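Here is the structure we will look at, set down as structure tokens.
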Amino acid sequence: MNASQSVVVTNIQRVEKSIVNAFAAEKIGVATVHEAQGGKGLLAPNITPIYPGAHVAGIAVTISAPPCDNWMIHVAVEQCRAGDILVLAPTSFSDAGYFGDLLATSLMARGVKGLVIDAGVRDVKDLTSMGFPVWSKCVSAQGTVKETLGSVNVPIVCAGARVNPGDLIIADDDGVVAVARAQAADVLKKSQERETLEEEKRKRLAAGELGLDIYKMRKRLAEKGLSYIDQAELD
Amino acid sequence: MNASQSVVVTNIQRVEKSIVNAFAAEKIGVATVHEAQGGKGLLAPNITPIYPGAHVAGIAVTISAPPCDNWMIHVAVEQCRAGDILVLAPTSFSDAGYFGDLLATSLMARGVKGLVIDAGVRDVKDLTSMGFPVWSKCVSAQGTVKETLGSVNVPIVCAGARVNPGDLIIADDDGVVAVARAQAADVLKKSQERETLEEEKRKRLAAGELGLDIYKMRKRLAEKGLSYIDQAELD
Amino acid sequence: MNASQSVVVTNIQRVEKSIVNAFAAEKIGVATVHEAQGGKGLLAPNITPIYPGAHVAGIAVTISAPPCDNWMIHVAVEQCRAGDILVLAPTSFSDAGYFGDLLATSLMARGVKGLVIDAGVRDVKDLTSMGFPVWSKCVSAQGTVKETLGSVNVPIVCAGARVNPGDLIIADDDGVVAVARAQAADVLKKSQERETLEEEKRKRLAAGELGLDIYKMRKRLAEKGLSYIDQAELD
Amino acid sequence: MNASQSVVVTNIQRVEKSIVNAFAAEKIGVATVHEAQGGKGLLAPNITPIYPGAHVAGIAVTISAPPCDNWMIHVAVEQCRAGDILVLAPTSFSDAGYFGDLLATSLMARGVKGLVIDAGVRDVKDLTSMGFPVWSKCVSAQGTVKETLGSVNVPIVCAGARVNPGDLIIADDDGVVAVARAQAADVLKKSQERETLEEEKRKRLAAGELGLDIYKMRKRLAEKGLSYIDQAELD
Amino acid sequence: MNASQSVVVTNIQRVEKSIVNAFAAEKIGVATVHEAQGGKGLLAPNITPIYPGAHVAGIAVTISAPPCDNWMIHVAVEQCRAGDILVLAPTSFSDAGYFGDLLATSLMARGVKGLVIDAGVRDVKDLTSMGFPVWSKCVSAQGTVKETLGSVNVPIVCAGARVNPGDLIIADDDGVVAVARAQAADVLKKSQERETLEEEKRKRLAAGELGLDIYKMRKRLAEKGLSYIDQAELD
Amino acid sequence: MNASQSVVVTNIQRVEKSIVNAFAAEKIGVATVHEAQGGKGLLAPNITPIYPGAHVAGIAVTISAPPCDNWMIHVAVEQCRAGDILVLAPTSFSDAGYFGDLLATSLMARGVKGLVIDAGVRDVKDLTSMGFPVWSKCVSAQGTVKETLGSVNVPIVCAGARVNPGDLIIADDDGVVAVARAQAADVLKKSQERETLEEEKRKRLAAGELGLDIYKMRKRLAEKGLSYIDQAELD
């Protein structure tokens, strides 16, 4: 496959359904997943949700689109299955509004769970009422053209993170993280372990114990040279 | 009128009331209006609403104000009528908070529908409870002075878009668009046509039809050279 | 105390409780406080609340933290008392997520009212349900390390404003303002006077009087050379 | 002419040659021109020269181009005459590199003096050796397509300033300013007066006189309440 | 190899020396290379050279470094050979100055040609006199720590582009582009073809021929609906 | 002194002349000074020189100026002595051009060495020929007014760093750093020690020794878990 050719890859391999469902059912958040996989895969923090409170876990159908051209979204819709999430990266910076309520209607009819886009969206009020979550760089009514080809289901870099078709995508109010297909099962296990661990700590902290003690930090802080001075001594 | 003179133009000609009312009553959105007038008149996407869900259609009373000086807003209030929308562009970059709940109280008493400002606003919590919508570049408690004159109801460039006094302004969660007075009737007609067209397509998409088929895109995509490859062939 | 040494100052002097309580009880806003103290102490407008509607008044416990290192927050927790607000400035730009729901749990257990941070936070959905308000530069799931010391309760510059430990912090939807401890009583008095004054003006403006008349601006505007021209004369 | 139609306006009326030549010969700078016309017409400060030291005065041939599409530059070249300056505004944000050394070669062959563009350029090293000055938003090797029409010689908003075809453009290390055709003669006269005035002041300031005295500021400063305090009184 | 492990990959496979030398000797620029490989591999345009006029072609030794921590650069130096270029991507945003004249001295001693970094550099005046070119996000005297591990010679995303160890890097005043090792020979051939083609066009354009004619654009422009109107008809 | 009062503090205490002269004569750079004083006092990296190659060491005369109002610069000139550097912070964001060649002429007549400003400057071409260095946020021909008072020689926060009148300022191509008056002698000594130390390391690095060995890093890297893998083992 020539690097500059426009292709649509069909029948991509996807993360196993049961794994995706576990992330969704247990509402495992982006921050947890990101830590669980060793601090990888996070999209840049300027990718934000159009409304608060959404949480999705789904499978990436990727789009490499020309700037200000949304033609490839129409092509990608056909490749989507229930449980997928569209992830679009423009090949050059664009803050145009690639996506609105008509495309969302089409995607919802296929069971798609959301859109992640390193560009703009529009019809935000409608998308909010429809309950179709979008994580985007901005909101913009500026439309796009349908003139130049791109590709669907090729590896992309979206907002600084590598996303391969079939990868797991988790998105919530903290942003978006991608998990490589091969590591999804392992990351689920580690995420669950973290959640369990955090739950226990949450109880101790709520009861007034200090992190300094729970995590046994005092000794190392002292070794590094941290000193305590009473305000009265400084005056 | 000398270019650098400070003037207030009174009794400006306004878009006809019935046209404005139609935009408001039918809740025609910014994205639709922008497309209907050929992709013109959109303000930059960093002009965002201070709270979600507002939609206004009204007539522009324009202010060209010095940076960090809100004196001209007081002058402009007197020129406002019910159904107007204030549109302020500073002559140089400013993110100061030009506008707060007192000015909003004054404008609401005159039936003004909202404010569009390429600068900052403050008292956002009060403005939200009052239901006075503002589209601004930022929220900032930083106040302004009242030292230097500007002009009211002169042509301005606001966030990259030309706005003439008396123009139609539409603003919603997607941003703000200005429509020239002479074209308002035409743009209303075209907007309504788009809405009708979109309604029909929305039904077909919701029923599972693909945009690829509805818009007959397959042939042109193939001609441009789009190819489909099964994942299995790549592995 | 050597400038580059890492210290924790204990038993800092705090603004008197009754003053803080008055700001909180009367819901005196950031814009009012900022004006009342002569336009000083405002943090940059890119420090925004993670959810709308919060209003806090409290006492600054300050943190000077290395970029992408949140170790000092754990140290600072121990120094907090009921009614405090943590204020963190990284020593170099960082948009990492220093703070999440576990630290918030710990702070709430001590009666801390909120966090102001010139960096990122995470677990925003949890923080919102817990009702723990944060004013931050961004939301980011990107975690931090615990490797390098910083200082607690030293003077800092946070988002462009000087904050000393023990200062008064007011934060609402308009942003964040710091009030020097020695001036807190005076600023409270001036803020209350402004509120009273504004209340009277609000009534007159709501009744339709113009700011031009209430503030007697017409004469000075004319002296500066403002002229009025009827639109009809320009056509 | 319909607002959304793509047109090329030919034989535009241009600022008189002798006026443009005077601005060029006397090297009247952007800051002077901007002041002389009452603080209007300045493009945003993020439009910067690709190399230092250039100064041009010429006549605007305007381009309204789609984002990431440079087709219209080829169309505009044919409309250029010796002494013109191309001014391009994309209809939506773009930081792509619309322009390189081949187009510059073509423009230099026609006597065009430079390019002003609210987008990116490339081949900067070549443009520098050729001595073809460009004022742009950024440098970017990212190319563009030739798919969608725009317009040539229609009124545009470029980097926040209105530019009409045939207007005078002045550009130097301080940025770019546009002067309306009808006001060019008047602005030339006022600019020359400013230069004369400044020359005299420059001599007095170089000789050690203070602006406080030359401009007689002391009285007004005192009236506004400025006070002087010796450092010794503060300690 | 576990995703979150810190590794140094030694003896990476590099693009063949003769290919790199050809790019360097023929001074093939970033814009040409980027086009020749189908519009891929370009780093974001905010990565700019610290001084104008440099052009390098070399082989990527990659660094994935923690934010504000330059320890891994020391580790990477040992992996460098003559003709290499260091490419560093922080795992989270950082504008700290990771690199200065001491590290440059060390790299020059090994024949390294330059540095590409999605963060800051310092000692810019020294680097300029030494003739060691750097492409960076910013200049910053802010230092870094040496506390946390990263990796050397693993695949990275630098300023939005994928870079694998051993890839070809070309950098000049237009920015930086990465070419995959497997495609370097093919991209060299295509770049040389473009240069030949452009040379011929440059001559015709310099002689006054129009791009409209050379590229035969007139017919397609007319078909798309471009119309010409004489200014006189509009007045 | 009331916080909101406008004052000019006269006869400020300045860093001793011999210390300033040593920094200037030995060309001690910003990065070295910043490290020598423990990573404090650095202005934000968006404050950049208008031309490359300048290096100044001088004493801060501070200005707290209203946004877009340069009146206080005229007041400050009178307070300047030979060897001073003006440091201006606007009380609210401004990118206007506060300063041009006339003010530079006046300052040069008094022996002032440069300007540091968290706002814009203009007449850059003239300032460059005059050899008057400026470190600014941007270049902008946008002028300012003279309407509102500020203060001279009060403590300010400039681009995120605290600057007190009389402090030492060092500026070069890497940016700007402020050194508190009381610490200037100590910082000079530490800077000189660093320079000596670096000189020795520079020689060893130039001779091909590795930082890994000079700084004895190998053991600690291994302890933290860094591992080496040959590329051949991964394929």
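Labels for the chains are A, B, C, D, E and F, by order of writing; each one numbers its residues from 1.
Assume a contact is a pair of C-beta atoms (placed from the backbone, for glycine too) under 8 Å apart; a residue touches a chain by one contact, two chains touch by 3 or more.
The structure presented is a predicted model; accordingly, all values stated were derived computationally and were not measured.
Chemist: Once the contact rule is applied, which chains count as partners of both subunit A and subunit F?
Modeler: B, C, D, E
Chemist: Rounded to a multiple of 5, how large is the rotation, in degrees, that superposes the C-alpha trace of subunit D on subunit E?
Modeler: Angle of the fitting rotation, subunit D to subunit E: 120 degrees.
Chemist: Quick check on subunit B against subunit D: do more than half of the interface residue numbers occur in both copies, making it same, or fewer, making it different?
Modeler: Shared-number fraction above one half, so same.
Chemist: Taking A-C as the reference interface, identify its repeat among C-F, D-E or B-D, namely the pair sharing over half of the contact pairs by residue number.
Modeler: D-E
Chemist: From the C-alpha centre of subunit B to that of subunit C, how far is it in Å?
Modeler: It comes to 30 Å between the two C-alpha centres.
Chemist: Could you put a whole-Å number on the gap between the CA centroids of subunit A and subunit D?
Modeler: The answer is 42 Å.
Chemist: At least two other chains touched by the same residue of subunit E: list those residues.
Modeler: In subunit E, the residues touching two or more other chains are 5, 39, 93, 95, 142, 148.
Chemist: Chain pairs that touch, all of them, please.
Modeler: Once each pair is checked, the touching ones are A-B, A-C, A-D, A-E, B-C, B-D, B-F, C-E, C-F, D-E, D-F, E-F.
Chemist: For the complex, which residues does subunit A have touching subunit C?
Modeler: It comes out as residues 29-31, 34-35, 39, 42, 45-46, 48, 52-53, 55, 172-175, 177, 198, 201-202, 205-208, 210-212, 215, 217, 221, 224-232, 234.
Chemist: Hey, which residues of subunit A end up touching subunit B in the complex?
Modeler: 1, 5-13, 51, 71, 74-75, 77-78, 95, 97, 100-103, 105-106, 108-110, 120, 122-126, 128, 138-143, 146, 148-149, 153, 165
Chemist: Using the touch definition up top, name the residues of subunit E that touch subunit A in the complex.
Modeler: Residues 2-5, 37-40, 44, 91, 93, 157, 160-162, 180, 183.
Chemist: Which residues of subunit B touch subunit F once you look at their complex with the stated criterion?
Modeler: Against subunit F, subunit B makes touches at 66-68, 92-96, 142, 145, 147-148.
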